[in-house]
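Consider the two complexes below, in which chain A is the common component and chain B and chain C are the respective partners.
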Partner chain A sequence: MEAYLLAIFITALVYVLLTLGLNFQYGFTGLINFGYVGFFALGAYASAICTARLGWPAWSGFLLGMVVPFFLAWPLGRIALRLRDDYLAIVTLGFSEVVRLVIINEKQLTNGGQGIAGVPKLFEFGGAGLGGDALLAAVLLLACTAVAWLVRCVVKSPYGRLIQAIRDDETALLALGKNPARFKTQVLMLGGAIAGLAGSFYAHYIGYVTPDQFLPIVTFQVWMAMIMGGVGRLRGAVAGAFLLLLVLEGSRAVRDLLPGLPEVAMSSIRLAVIGVALILFIRFRPQGLWGAPRD
Partner chain B sequence: MTDSSTASLQLEARGIVLSYGDNVVLNELSLAVDTSQLTGLIGPNGAGKSTLFSVLSGFMKARAGEVFYLGRSFGRQPPEQRARQGLMRTFQVPREFRHLTVLENMLAAPWQQPGESLAALLLRRAHVRRVEAENTERAHEWLRFLRLDSVASTAAGQLSGGQKKLLELGRILMLQPRCVLLDEPYAGVNPVLIEQISERIRELHARGIGFVIVEHNLHALSRLVDRMLVMDRGRLLSEGSPEQVLADPLVQAAYMGA
Partner chain C sequence: MDLIWSDYANLALNGLAEGLLMALPALAVTLVFGVARFPNAAVGDFVSLGSFGALAAHRASGGSTLAAALGGIGAGAAGTWLGWRLAFRPLLGRKGLAMLLTSIGVGFVLRAAMGLGLGHEIQLFDLPLLKAWRWGPLIMNPLDVLVGAMALVCVALVFALLRFTSVGRTMRAIADDMDLARVVGIDSRAAMARMWVLSGVVCGVAGLALGLKTQVSPEAGADVLLPAFAAAVVGGLGNPLGAVLGAVCLGILQELSTPFVGFTYKIALSYVAMLLVLLWRPQGLFGRVQGVR
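Here is the complex of A and B:
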């Protein structure tokens, strides 16, 4: 039971990181990123390749896991930001699928569809006990706190004021002689790096990576966590991520209520539960658990 | 045309053509604005006034024609570059940053703020704080001038229509504009506030800021401006002093829909 709770806790913290990054992009800057999982995948694969395939130390994976998505977001931003909001959504969705397809086909680097196994645990002591995972959870918690604090500092600064102005009315900003493009690109890059960091933690925790872990559904789960927690609220990111895990894991209980259900039907039911939860939230509490910013 | 008049002809449109499909909105429109005079731009609905503002400020591209500002063609410059040269506009439907407070709206305007660079936030904190304090002081001065100081910490989305119009003007004033295109400053504004807005515009004009004002409230506008331009169906129909223009039978016919 402790192992199960710890597993949920760690997964939830990974989602907290993802939700913080997405909230920075959408909640504060208004960028619609439907390909967030792509940046997550880049981080996870960077860590897996560095450690399991190349035998480099874990920190190199973490470093590349943030640097690679950071820089890949740059050309994406340059292309997409010439277009209007909804096109950014389509371009990013395409980007995440391209990342996944490259991972599947670039077999020499990624071992294709079979994925990379044997990503070492970050901390190993006490044999097969929970000590290592507990320490990982603690470090992850520290990382979440640091990222939340950094995002908060940025959001409260003049920089944060400007990105929120972009979210509220980009045309007005142009009329004031300011060009939002640079800021939007930077936010895409920083948000990408946060997703990459989450990916590195995830790879080290799960111990293997395959392309199937990075389907577009992950992006929408992060969106769901953000919407449930409250768009543009940092505390909401925490609440939303944990609530998401509650919904995801809670839907497993359906198995006990409906014994003999095939696995395929189970996963469909889980998707349906997520959909219903999202509809209920938007219907009855559109501002999320923590309310919308100032209105 | 004498030299002195050329110098004060700050804003000029020549042969502007713009159409949506078959609907010609601006039909080889040419006009010149001398910003030393407060200028009103009137015309019946659909005359193309707001569209002209969008062409002048670079938000819409004309199919033909050119916009000259301070004697030079804007060419294909985007809106933010035109604004950087001191030609700024407000919008018919106000575009406040609705989740930011009134003060934050003002502070979002100034260019080259060190606090808007991540590197400076990290490395030059004292500098960031100093510039922020200076801008805040300036913002409060303008808010007092516009009688918005009492709502400085209110979310801009909660202001009344008239207050939003004033806030839009206030943001522009943070940037020391040369010429402001005001789109319907009196729309949805109560009569007391209308007089107040007119008074502010007069004061700002006396300080050397040019204004071109699109407005349907002809009564209030004619008492404010020195000169009026009248547009109808994408063309310049008439121009002159408010008295001349409003007495012009062509103008009256256009407003009567003849």
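Here is the complex of A and C:
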């Protein structure tokens, strides 16, 4: 039971990081990023390749896991900043699928569809006990706090007022002589690095990476966490991520009621739960459970 | 490996068939975009629904293609109409993003329902084996010809409806300028409902075409979503002719690139082509420039 709770806690913290990054991009700057899982995948694969394939120390994977998505977000931003919202959503969705196609194709680097196994645990002591995972959870908690604090500092700063102005009225900002395009690109890059960090932690915790872990549905789970918690609210990101895990794990309880349900049926049920929750939240509670009303 | 002109011609023919198939979901995306101003992410799942409807009718009628088409159209249209009534109509007047996220939710629910109700096994249409047609070095699969012809007929009928009927005129008026259309007394809700049903009809035909050419499963349609988005974006969102031309161009480009970039990267190529087009013309090849909001 402790192992199960710890596993949920760690997964939830990974989602907290992702939700914080997405909230920075959409909640504060208004960028509709539907390819968020692509940055997450880049971070996870950077760590997996550095440690499991090249035998480098873990910190190199974390470093690359943030640097690679940071810089790959730049060209995306250059294109995206010229586009209308609906085009941006499609372009970013396409980006995450291209990332996945590259991962599947570049077999020498990524081992293709089979993925990379044997990503070492970050902390190992006491044999097979929970000590290592507990320490990982503590470090992850620290990372979440640090990222939340940083995002908070940025958002409260003059820079933060500027990016929120992009969200609220880009034309007015242009009239003031600011260049929204530059700031949008920076926000995409920073948010990408946060997703990469989450990816590195995820790879080290799960111990393997495959392209199937980075399907677009992950992006929409993060969107759902953000919407449930409240768009543009940092506390909401934390609450939303834990609520998402509750919903996902809760759908597992169906199996206890109906034993013998095959795994594909379970994944359909989980998909339906996410879909219904997304529809209902957007219709009846678009501001999230705790967010300020804004639509 | 040296390729001669006939290899390229065969690739281009394959690309044309592929492009015509993709033109249908791209058209469905762009039709809804025209009136509702969001890219409908549930289109892929409506296509799957159409596939199942077509397959059921095909089996029940003992292999009639016409019955299959009617079955696909019925399933697709019923799906989009229900989606409009239950999920999208209550959101009228909200931002495009709310609609877009809702369409993702609708797609998930639909895919899950098909998986639970109809099973995940891959099903195929029972078709007689057909020999490929040859003209000298050119080879064509009769199935591709059938699918391509079906797509062309469907596209032509949609355009005729939009162009020459009063129902089509009201739909185009709504897509052009919602407020102006209301002022002249067009029932905007009714016109929007018709546009949704029309996009469902197109999804149904797309489902039959996709099922004939590949397979029928709850996930099969979802795979056409991104190519359809890419085609609709290249053509300019909201422009039906642009979506069809975009799909055909991307299809041919993809197949012609296969010898150079390999089989799996050809999918990525349509995104790259989409990005290049957007860099050059941010509103798509045939899209209109939107006023600053």
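Keep in mind that, in the parts below, the second predicted complex is superposed on the first by the 290 of 295 C-alpha atoms of A that agree within 3 Å, B and C clash if a C-alpha of one lies under 4 Å from a C-alpha of the other, contacts with A are read in each partner's own complex, and residues count from 1 in each chain.
By definition in this document, a contact is a pair of C-beta atoms (placed from the backbone, for glycine too) under 8 Å apart; a residue touches a chain by one contact, two chains touch by 3 or more.
None of the values given here were measured: they were computed from a predicted structure.
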### Message
Taking chain A as the common reference, can chain B and chain C both be placed on it without clashing, or not? Answer clash or fit.
### Response
fit
### Touched partner set for A:F220, first chain B, second chain C, both or neither
second
### Query
Is A:Y159 in contact with chain B, with chain C, with both, or with neither (first, second, both, neither)?
first
### Query
Looking at the overlay, what does A:I279 touch: chain B (first), chain C (second), both, or neither?
second
### Query
Taking the superposition as given, does A:V139 touch the first partner, chain B, the second, chain C, both, or neither?
neither
### Task
Look at A:V98 in the shared chain and tell me whether it touches chain B only, chain C only, both, or neither; answer first, second, both or neither.
second
### Message
Applying the document's definition of touch, where does A:D86 land relative to chain B and chain C: first, second, both, or neither?
### Response
second
### Query
Now for A:I32: first (chain B), second (chain C), both, or neither, which partner does it touch?
second
### Task
Could you say whether A:S268 touches chain B, chain C, both of them, or neither, answering first, second, both or neither?
second
### Larger contact residue set on chain A - chain B or chain C
C
### Message
For A:T171 in the superposed arrangement: first (chain B), second (chain C), both or neither?
### Response
both
### Task
Taking the superposition as given, tell me the minimum C-alpha spacing from chain B to chain C, whole angstrom.
7
### Message
Residues of chain A that sit at the chain B interface in one complex and at the chain C interface in the other, please.
### Response
171, 295
### Message
Touching residues of chain A toward chain C in the complex: what are they?
### Response
32, 79, 82-87, 89-91, 93-95, 97-98, 101-102, 104-105, 171, 217, 220, 223, 227, 264-265, 267-269, 271-272, 274-279, 282-283, 286, 295
#### Entry: Residues of chain A touching chain B in the complex
153-154, 157-159, 161-162, 164-165, 167-169, 171-179, 183, 186, 232, 293-295
### Message
Could you list, by residue number, the parts of chain B that touch chain A in their complex?
### Response
57, 59, 78-84, 88-91, 95-101, 104-105, 107-109, 111, 113, 115-118, 121, 128, 132, 155, 157-158, 168, 171-172, 175
### Message
Looking at the complex, which residues from chain C come into contact with chain A?
### Response
33, 37-39, 87, 90-91, 94-98, 100-102, 104-113, 115-116, 120, 226, 229-230, 233, 237, 262, 264-265, 267-268, 271-272, 274-275, 278-279, 282-283, 290, 292-293
